[in-house]
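Chain IDs A, B, C and D follow the sequence of writing; residue 1 opens each chain.
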Amino acid sequence: MGLTTPVDLSVRIGSLQLANPFIAASGCFGYGVEYAEALDLSRLGGIAVKGLFLSERQGHPPERIVETPAGMLNAIGLQGIGVHRFIAEKMPELRRLGATTIVNICGSTLDEYVELARILSDVEGVAALELNISCPNIKEGGIQFGCSLHGTHDVVSAVRKVTRLPVIPKLTPNVTDVASFARAAAEAGADAVSLVNTFLAMAIDVETRRPRLSNVVGGLSGPAIRPIAVRMVYECRQAVTIPIIGMGGIASAEDALEFFIAGATAVQVGTANFVDPFIWQKLVDGLEQYLERHAIPGVAALVGSLDTTPEHA
Amino acid sequence: MGLTTPVDLSVRIGSLQLANPFIAASGCFGYGVEYAEALDLSRLGGIAVKGLFLSERQGHPPERIVETPAGMLNAIGLQGIGVHRFIAEKMPELRRLGATTIVNICGSTLDEYVELARILSDVEGVAALELNISCPNIKEGGIQFGCSLHGTHDVVSAVRKVTRLPVIPKLTPNVTDVASFARAAAEAGADAVSLVNTFLAMAIDVETRRPRLSNVVGGLSGPAIRPIAVRMVYECRQAVTIPIIGMGGIASAEDALEFFIAGATAVQVGTANFVDPFIWQKLVDGLEQYLERHAIPGVAALVGSLDTTPEHA
Amino acid sequence: MPVDVEARVIRNTRLSPDYNVIALAAPEIAAVTRPGQFVMVRPARGLDPLLRRPFSVFEILRDEDRPIGITILSKRIGPTTRLLFEAAEGDTISCLGPLGQPFALPEPDAEAWMIAGGVGLAPFATLAESLAARGIRSTLFYGARRADELFYLSWFEQRGVRLVLSTEDGSAGAHGRITVPLAAAFQAADGARVACYACGPEPMLAAVSQLAAGFGRDVQVSVERVMGCGMGGCYSCVVPMKTPDGGHHYVRSCISGPVFAGSSLVWD
Amino acid sequence: MPVDVEARVIRNTRLSPDYNVIALAAPEIAAVTRPGQFVMVRPARGLDPLLRRPFSVFEILRDEDRPIGITILSKRIGPTTRLLFEAAEGDTISCLGPLGQPFALPEPDAEAWMIAGGVGLAPFATLAESLAARGIRSTLFYGARRADELFYLSWFEQRGVRLVLSTEDGSAGAHGRITVPLAAAFQAADGARVACYACGPEPMLAAVSQLAAGFGRDVQVSVERVMGCGMGGCYSCVVPMKTPDGGHHYVRSCISGPVFAGSSLVWD
């Protein structure tokens, strides 16, 4: 890293301080503990654990994923152990390992979100709540909030009332104007917004003329969606002042830099973690080198620094 | 092709009969004549020519395109020669070459669409009108209609009144519920809908911290978007009975088959034509072989034939 | 602890127009892999294909007993296996592993039956070596479509493995599925202590599990599900495991498997 | 009429850590290409990178006068040029062409100056041969960063081309930009009939065009814009061409170019 003044990789999301801006995306990193053998979890900026309902969920039958050009579809159906088993079985290890744990929560009703938030607020080691109101793969949960401005506002303000943890609604990209959802979330008291969740999509096996996913439709993630996700982060940056956690197809430090420059304070990495579970150190190194090369003191100075003045003004 | 009964590749879009279901997508095939030296244009199902305004347009300054994972962004800005020069300079050759010419029209106002439709209705050799109400790259044209149900309805019914040509509004994917737009179009008297236009997106040069496109944002096309486009065609198929022209990332006969099975009667190919201008014969051959192999008499029998019954019902 | 190795291709041997064995320099993986474990492989440089794919570790390569690499037996069915088929000496292939739960080895006084269908042969080379090292008598029941898709027969014979073969077209061994000679063997084995292992297409695993159950026996099956990550991160690779109430729950075959007791899974 | 050839790599010669010359078997293209034309190339098998990229035809390869292929001079700057750098003999590369408007050749009594910056050398090998075949005296003004990035000097010398070199670090030829010796040559040429050709980075083309204009001369410049299709389909590759009213309109450099009169374009 040379002998220059060390650059500052830490970022702040509401009251939450992250050592670096790289967070494992929900549903792409299990409950975190699965990676504890391979990685030092405390070196990640944060870990958004797999979406949790109040109770256990079975999820969809296989096939649950299919690769598509530069991306993948998933319709896992939020299989999960439920919040109580999570607290009992996973949180102790996450605490022990020093993971900055962001709990991604899903409900079928507003009351369930509130209940989940209440329960988790008392749990040591929970750093923030990410409200999954954007999962495209299940009928009953979340997305009816995420596709309505009122729904978004209501669920955020209801959760806001019962917790002092940072509240981070996760926005769906499957809307006409994502910035208006960021605005609704901010007005309802969100500490930050995260985006994007996956794009509703499908793939067909032309030999059998059947959907490739048992759930028929699934969510598209991976590099394919990155240009749309960057645009959405940029639009939200114009609309709100709260921090934005950007994601969608990040597979390298350079990809992450697009999001910071567009307006994200931190980023999540999902699909690329499947391809390279050791990506985290590479992201940190790449960002550090970039900041040093450009003599930028820290991530904060980079956020939203896109220069859109015409080239020959 | 063996000695079996020839399969029927022809399809019908309203009053328009296409020899095969493969149409060159608007903006991706110039005015058609550019390809006349390399291809026999009469062998294509149809050619949707570059979007035309009433008058000439300069378009955006370069850079106008950038490659992204399995896709590309474009912000051409609808550079074009205007409808009058098109009729005078390009239509005679298109007629001579036997091209089935679909004219893609764009207006800044409803009246301009009507005027364009009126002018083109009297021109010999114009087979259909595609209403571009979905270009994400220009501020003044089309998209204000394409992102509003009323706007879509109004422009389609206004055009409908002045022409007997098949009217095919082209839908944007940048909306929450594309099927409602297909419904609005059908109710307004559209003969078919075509979808998808490109996804609003952006790419950033992290070294200069400037957008890669002069227009800042552009439209994402290519294989990357295919799973989303297939899903949207499938949704529209549930919503309307008029034919659907599907597109978005088709690069092989197999890709096209996904669209037919999802509900498209014909398809357009854009970006893949850049990669392989000789793709048309390969698409026809691939489709023919598929139909023969599966003993399906023609494309019509394939359209919307997706089987979504659970695997172990 | 899995490691990610940019493994150099030492050798790529084509066995047929579809099958190849590719030798990869990966001493870190070779040193610790146990029979039944797998690696997540990515031969592409760019984004196509994007995801890794799972492959059993076929052989452990040794240089005077020092583990230096592994081989993969691959059947060409899509983009990754095409790249593996075409890989040239000196290319590098990203290789993450070893992953998953290995086969449980039998007590020294048992014998072992390995039941392979097609490319399901892959986990049994390392298993055969481990069995031989323990002095356990083993038999390979090996079914394929045709005689020329039965590979590595002498390799197994040299290690003292008894072979029972079948082909769908009758061009070698018994005519038909491997379950036919296997049923006869179960019949004959009577009360003998036999550890059974199976790998192959899922209908074969189901049939073998049911056959074994009929004789009051169990089989360790190695299942092959589409895997997004191989590390427990994505929940794509689940298999339905029986629950006491007669239902099932989904378990991740990458970390709880790929080896399961055949009797523990729901086969449909 | 352009054709698409799955061209076999005959040879791949690395000239430096960044530059290579790749020889491709493409007789159909070699037979009809004229100096200044280009091909759209795609070395990838999968979707990454997706689009073709434009490259000047560098040399025409002949087997006893029969055109059998072409070469491409490539500078490694991104994914396609990386694949071209790494391509091995026997690989195939999809190659669409010839495309674009060629250079206009001068009258037999004129002399010709080719002005190349860096990889802008590429269109001048075929041009030099055409000039030589017409008995036209030619000079290559060739600028690069360093001496070891001046390639094919003896190739041009063998064909009777006079060389005027410059390097940015002064390690060969004049120190600095090629416009310095070029300006001197314009000065000296006075009223002589000279056809000027230029290819290189756009700032160089702008400088050369302006320099020439100052001496009442014009230059045929070959511009290098990002191209989506190379066939006139996409309107990505436009350059601003002067209009009589003092404004400009955008013309597609793939079909109206890549060769333009330097005086016809707007340089900024």
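A few points about this structure:
FYI, contacts are C-beta pairs under 8 Å (C-beta built on N, C-alpha and C of every residue); 3 or more make two chains touch, one makes a residue touch a chain.
Please read all numbers here as calculations on a predicted model, not as lab measurements.
For the pair chain B and chain C, chains touching both partners: A, D. Common neighbours of chain A and chain C, listed by label, are B, D. Distance from the centre of chain A peaks at D, each centre being the average of the chain's Cα atoms. The chain pair with more C-beta contacts between its two chains, of B-D and A-D, is B-D.
Separating the CA-averaged centres of chain C and chain D is a span of 54 Å. The geometric centre of chain A is 34 Å away from that of chain B, both derived from CA atoms.
One finds 36 Å separating the Cα centroids of chain B and chain D.
Taking each chain's centre as the mean of its C-alpha atoms, chain A lies 47 Å from chain D. Shared contact sites, meaning residues of chain D that touch two or more other chains, fall at 47-49.
Contacts with at least two other chains are made by residues 61, 69-71, 222-223 of chain B.
Taken as a contact graph, with one node per protein chain and an edge wherever two chains touch, the assembly is complete, since every chain touches every other chain. Per the touch definition, chain B reaches chain A in the complex via residues 61, 68-71, 73, 147, 174-176, 199-204, 206, 208-211, 214, 216-217, 220, 222-228, 230-231, 234, 249, 254, 257-258, 261-262, 290, 305-308, 310-311.
Residues of chain C touching chain D in their complex: 44, 46-49, 79, 88. Interface residues of chain A facing chain D in the complex, by the touch rule stated above, are 69-70, 312. Residues 27-30, 34-35, 37-38, 50, 58-59, 61-67, 69-72, 74, 76, 79, 222-223, 251, 271, 273-278 of chain B are the ones touching chain D in the complex. By the touch criterion given at the top, residues 47-48, 268 of chain C touch chain B in their complex.
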